[in-house]
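Each of the next two complexes has chain A plus one more chain, namely chain B in the first and chain C in the second.
Coming up: the complex of A and B.
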């Protein structure tokens, strides 16, 4: 007992280390999900831009579902589904899978916009110089399209970082859940909230500013 | 897979879920109205020539855009207790969503106003239009066109984000689903039904916005 009559302990170093470890887990799940989501999203975006009408309608209506249902419901549904199907997995992996698919649905739109931002004349010129289809994608579409949509991709990545807070709902001990546990333990909700708010802000703000800077630099 | 899907409890609870969906819409509409109004003020604030309104609105926008919505909801629900402010779940969720929407809409408004060159304003004034006539016939119709679809997306976003009310004890659509889930343990069935309801709501809002947009901007493109 720290103070007479109080069942709660004050915020200590141990608690801060606990928060720090949770912050690292937040970064882990975000980075892994952004990585897989981006790779899958680029492939889906290419299908949206280059596929025939059936592929496009199929892919875009499936992706639309992920953008029209709240992420928290996707998380709970997937988590309960894998348990029902008899393949229960740790919260990290079910969280990562759902976040990756969600990220992919957002990246697909960005990737499609990037591919469509490359002028058809430029691509025809590349093909008429004797480049193959993949060479055209690799050396013409990728660099030109990337320039057009890189800032939007930054926006998507940051929104996945922020939305990773929802994985707390299926029991993954990331920053948001750690803050709740500490709040029940110490009753210092304001200080803890300020700390984790500051963490998210310091992660997100510099990257979003850097994105804006790159956008301005490339536009001029 | 030896799990038996059991749908009757969901069907029995459906009227309650639809009632809760109404609460979801209430929360979203109120947050959207506050968010739009404050967002408009913030966009003026950010273009102000005075230091204090400019800084305050920038701080608001950056915090709203760079922290998770869930954090903002928790902060309104638990964090404010330090100052003796205890908001009900409804007020806390509406406050947080309005705060968030205002930040995002401020940026959208800024884009909308930037799309109109100052010369147009001068031209309108020199044609003898008053300030309010200029706003009514020149500025607002053009800004509305630029921000209309981002605004629709933001509204759908708010509907989806209001689902986090569940974690602050609000019995909107997701919170109500969680309540039935805790009574019946039919997690998958209940959340699947709720996912379908959200999907339908999102599609209806999108369709309504398209029809209204078609009516508003007819013959202008």
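Coming up: the complex of A and C.
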């Protein structure tokens, strides 16, 4: 590739710091979204597993919508909607809300699978010992189910981290957005893409390694 | 005392128990025998309220199990149950398996609960397996673990639902020995079982269930002797012998 013309600057250390700061913002929005998405998702998953027919149909049809509409469309629609409604919010928060809901929709399926992975006989045994419904959930279903679906949850967390790139579409200055700005400035799109690919990898890899470590610990 | 009065249980159209009357006194061991599907396991589930009933009544020390005002969690602390599948809690060690419910249900301190757990595990002969996870135990050991777990709640009554049916033949003996030990200690027990010689040895009374009805109940000598009162009992026993 030829070096850039005089109208553009070369990639510099300042640009690298700019990318680093954006990466931190990617982490921030991902962690906050994964946290809220997981909490809400577990509650929804429990409703799917334990609710009556009406609750199950209501929850699963709402989740179907969030899982089926592309995330980028959800982001733009929500961001525009709150602006039109007269309550514009910072891109961080509208992005966080949409990502959280998206994450919750994925976690709900994982949580339901986790609850259903615990055999009814095991739960009966717990109840026969005098445990109440919530004690059974807390001391039996939670730890046993968590072990069963923890790898799937790690998968969801990683995909939310990567999908947070789409929040760039509503103007939040995270890694993807930063790379677009730098590309415009320096015209070195190939290098920059390689670089942010590396950034995403550096953020994802520790998560999946940590996941493997926890799994190993549980297996012993 | 456990009193079962005119108990009816249906699963949809299937009429599983068709009016059972049975009372079990303190210290008594009653074995329930009969073909699969005769309703004997269902009876146990109805006694500790794991299943609802359609008609009749179950009283445990005078408390009606199926009265909606009855605190079932409290009542079940007094009625231990062991299942055909041992249902060990896979994420906990043997000691933790047994200590869990004293700790969370009876709100004992961790140390207190572990003391009781240790005592019960020694009682069933698992003193060298305290810190082992269930996946490293044999079926017989897991079943004894389940017995210790139920005993840790210090129940007055124990229900055993075909506790040796899922075991390999060579492991049946150790579990039956544990049950014999309990019977000798004076535990009030209802054992649903296919082990006829065990029933003959241990039971004060044996009940034969046939198609949802209690066909006959009496001392082992009557049931296993030459002349049980019911022809159906005689036929069943002739087939299993």
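In this section, the second predicted complex is superposed on the first by the 201 of 220 C-alpha atoms of A that agree within 3 Å, B and C clash if a C-alpha of one lies under 4 Å from a C-alpha of the other, contacts with A are read in each partner's own complex, and residues count from 1 in each chain.
Everything that follows uses one rule, which is that a contact is a pair of C-beta atoms (placed from the backbone, for glycine too) under 8 Å apart; a residue touches a chain by one contact, two chains touch by 3 or more.
Since the model is a prediction, treat every value here as computed from it, not as a measurement.
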{"item": "Chain C versus chain B on the shared chain A, clash or fit after superposition", "value": "fit"}
{"item": "Which superposed partner A:72 touches (first chain B, second chain C, both, neither)", "value": "first"}
{"item": "Touching partner for A:190 - first (chain B), second (chain C), both, neither", "value": "first"}
{"item": "Chain B versus chain C as contact partner of A:200, first or second or both or neither", "value": "first"}
{"item": "Which partner reaches more residues of chain A (counting touched residues only), chain B or chain C", "value": "B"}
{"item": "First (chain B), second (chain C), both or neither touched by A:176", "value": "first"}
{"item": "Chain A as apex of chain B and chain C, Cα-centre angle in degrees (nearest 10)", "value": "100"}
{"item": "Touched partner set for A:29, first chain B, second chain C, both or neither", "value": "neither"}
{"item": "Contacts of A:163 with chain B and chain C, given as first, second, both or neither", "value": "first"}
{"item": "First, second, both or neither for A:85, with chain B first and chain C second", "value": "first"}
{"item": "Lowest inter-chain C-alpha distance for chain C and chain B in the superposed arrangement, angstrom", "value": "24"}
{"item": "Of all residues in chain B, those that touch chain A in their complex", "value": "1-3, 62-63, 65-71, 74-75, 78-83, 156, 160-161, 163-164, 166-167, 174, 187-188, 191-192, 194-195, 198-199, 202-203"}
{"item": "Chain C partner contacts - residues on chain A that touch it in the complex", "value": "119, 121-122, 124-132, 135, 139-140, 143-144, 147, 218"}
{"item": "Contact set on chain C toward chain A in their complex", "value": "48, 50, 73-74, 76-77, 80-81, 83, 85, 87, 89-91, 100-101, 104-106, 146, 149-150, 153"}
{"item": "Interface residues, chain A side, partner chain B - complex", "value": "65, 68-74, 76-77, 80-81, 84-86, 158, 162-163, 165-166, 168-169, 176, 179-180, 183, 189-190, 193-194, 196-197, 200-201, 204-205, 208"}
